[in-house]
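Everything below concerns the one structure shown next.
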Amino acid sequence: VDRDRARKPAIAVCGAGEADADLARLAFEVGRRVAEAGHTLVCGGMRGVMEAACAGAHEARRTGASGLVVGILPVADLEGGNPFCDVVIPTGMGAARNALVVRSADAVILIGGGSGTLSEAALAWQFGKPLVALTSSGGWAARLAGTALDEKRRDAILGAGSPEEAVTLAIRAIESARASRCAD
Amino acid sequence: VDRDRARKPAIAVCGAGEADADLARLAFEVGRRVAEAGHTLVCGGMRGVMEAACAGAHEARRTGASGLVVGILPVADLEGGNPFCDVVIPTGMGAARNALVVRSADAVILIGGGSGTLSEAALAWQFGKPLVALTSSGGWAARLAGTALDEKRRDAILGAGSPEEAVTLAIRAIESARASRCAD
Amino acid sequence: VDRDRARKPAIAVCGAGEADADLARLAFEVGRRVAEAGHTLVCGGMRGVMEAACAGAHEARRTGASGLVVGILPVADLEGGNPFCDVVIPTGMGAARNALVVRSADAVILIGGGSGTLSEAALAWQFGKPLVALTSSGGWAARLAGTALDEKRRDAILGAGSPEEAVTLAIRAIESARASRCAD
Amino acid sequence: VDRDRARKPAIAVCGAGEADADLARLAFEVGRRVAEAGHTLVCGGMRGVMEAACAGAHEARRTGASGLVVGILPVADLEGGNPFCDVVIPTGMGAARNALVVRSADAVILIGGGSGTLSEAALAWQFGKPLVALTSSGGWAARLAGTALDEKRRDAILGAGSPEEAVTLAIRAIESARASRCAD
């Protein structure tokens, strides 16, 4: 039955709008693996880490993977994001759209990141979303891995040593959350 | 080249959260034809006209059409919308999300509708989106067909006598807007 | 007791971002009378009808009235609105802020207006806010006066022949809503 | 001239929706001093640190201070916040309103705080707003004092040892930002 549901689990990738080659490679790998798992990739739809993750998922789609790519843009223009998004939500809300990016996800992966990524991590925590941080990516991801953002949740932001581990942990967290909901 | 773009044109369907059998049948037909054209269906993701349109597009997808279904929900819960959306954006913003529904579309089709649909028509007009109204569907769609909402645009809301005509007019308007952009 | 409450009733004035001398005079009078009644004037904080209403309230404040002036801007810049607002909320959300303008009001007065004003009228109706339309001001205010936007409410948008009558009707509607809440 | 401007500088106070007696006393003092300086206090309008800061500013107003109190609520109900706000913006946007709280301020003071406060600090940093953190208040305020959230800004979050110092630093930062704008 679950296999037939229209909506597949969605994983948000949060990271900076600029990325050097190392960071872009990590983000590309995360995006590729999300799409290969058949999950939807959600992100802010712009450049840097976001674009690299979208490009990875797009590449996977071209070779048969089913995962969709969603960009929730700060700008109001449908053509204002990177070219790899299947679905574009041009909010025109600026950084207030960060809340929508993480709300649209079943789990969130942090890659590097400055203050924008930090705001997404904090909102995701507040919304009860499982969080995974790529420890090798620097930025706020490295600083937050293994920590709890406040005492309202009993878990912590999971640290992942590789893109593969990050996606595996995110999928496991989604399945675990679903199982506990079904057990209620 | 265009055929390979990740993002396909998106058509928003706006209508009430309740629908009798006639209205639901019209919305279903519109959704089905949007998906059969390979376009993305965007809507508010809830019940009534929205659900019927999503169900129509979903039905088309199951029989091979490629059009995606996107629900931009007023609620914050990923599972809070109808079950036919491939992509769910649970904004948690209430009716303030109406602006996002029409911003995410290249053209907007109005079906019946009360004050919520009217707000979406007005916002779509303000954002410069082409509008088509199903004249046989009653509500604000019938009242607005053929009219201009203010003097800032030189066009009018196009009236369509059938779901088929509504989708055809919406697609034509999208192509025409694209052609004039490319000519710039 | 009520006299000591921090929050005074708020009246939103909705109208176009451009205004000729006649429209500006009407809006100025509405704003002046809102402030003289000690009520808070809420609006979109920009030019045209909004600025004229704010200027009227500001003028009243300078001569002893207590009503505050609030501008909920579409832009993100604190200095981006007209100069007559005591409190500025620079949402950076574009026209999605229209929902916030009417949510922040206990009653809404429509003056002239194009598609932006129409969207505010529709959202205010949806949110259950009492609506008054200045019949002599043209635009959507004149077209909507005396009508119901859908069947979910049993009342209609009240028509007012003058700024004085518009503010009187808005205040009466607020008092009546409050009385019926207290009677519950 | 500046003295006659309608809008006074606004200072946001960000902190948790729960507060013990010590934290509430700190927040009350901050709010009182903001209002005594004639500045507008902006906050999320709910309980805990927010309510205590509003109560402090409200107390100052009752004894002659001119500073206004603004609550930008996550809920949609005008009566849903604490009772000390002169102006209430019931966004109905949940935590997406955090972006609006900090956008509405010329400077931001952090008091204690969990993930919600952290998201406001991160957004304020992104928007270029001066930030002051009360070091004695624990939570994210204590953790962020003296740090930079990313490399896009050359300054740091200023640590303040007392409510008095926090308000003084915030006012000084506002004046300094204004002076550098005028020098342009």
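Labels for the chains are A, B, C and D, by order of writing; each one numbers its residues from 1.
Definition applied: a contact is a pair of C-beta atoms (placed from the backbone, for glycine too) under 8 Å apart; a residue touches a chain by one contact, two chains touch by 3 or more.
The structure presented is a predicted model; accordingly, all values stated were derived computationally and were not measured.
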Pick from A-D, B-C or A-C: which interface has over half of its contact pairs in common with B-D? A-C
Same or different: do the copies chain A and chain B touch each other through matching residue numbers, with over half of them shared? same
Which chain's C-alpha centroid is most distant from that of chain A? C
Express in whole angstrom the distance between the two chain centres, defined as the mean CA positions of chain B and chain C. 30
Rounded to the nearest whole Å, what is the centre-to-centre distance of chain C and chain D, using the mean of the C-alpha atoms as each centre? 27
Distance between chain A and chain C based on Cα centroids, please, to the nearest Å. 41
Where chain C touches two or more other chains, by residue: 76, 91-96, 99-100, 127
Could you classify the connectivity of these chains, where an edge means two chains touch, as line, ring, star, complete or other? complete
Residues of chain B touching chain A in their complex? 5-8, 10, 40, 58, 68-70, 72, 76, 78, 83-92, 99-100, 103-104, 106, 127
In the complex formed with chain C, which residues of chain B make contact? 93-96, 98-100, 114-116, 118-119, 122-123, 125-127, 139-140, 149-152
The residues of chain A that touch chain C in their complex are 76, 91-96
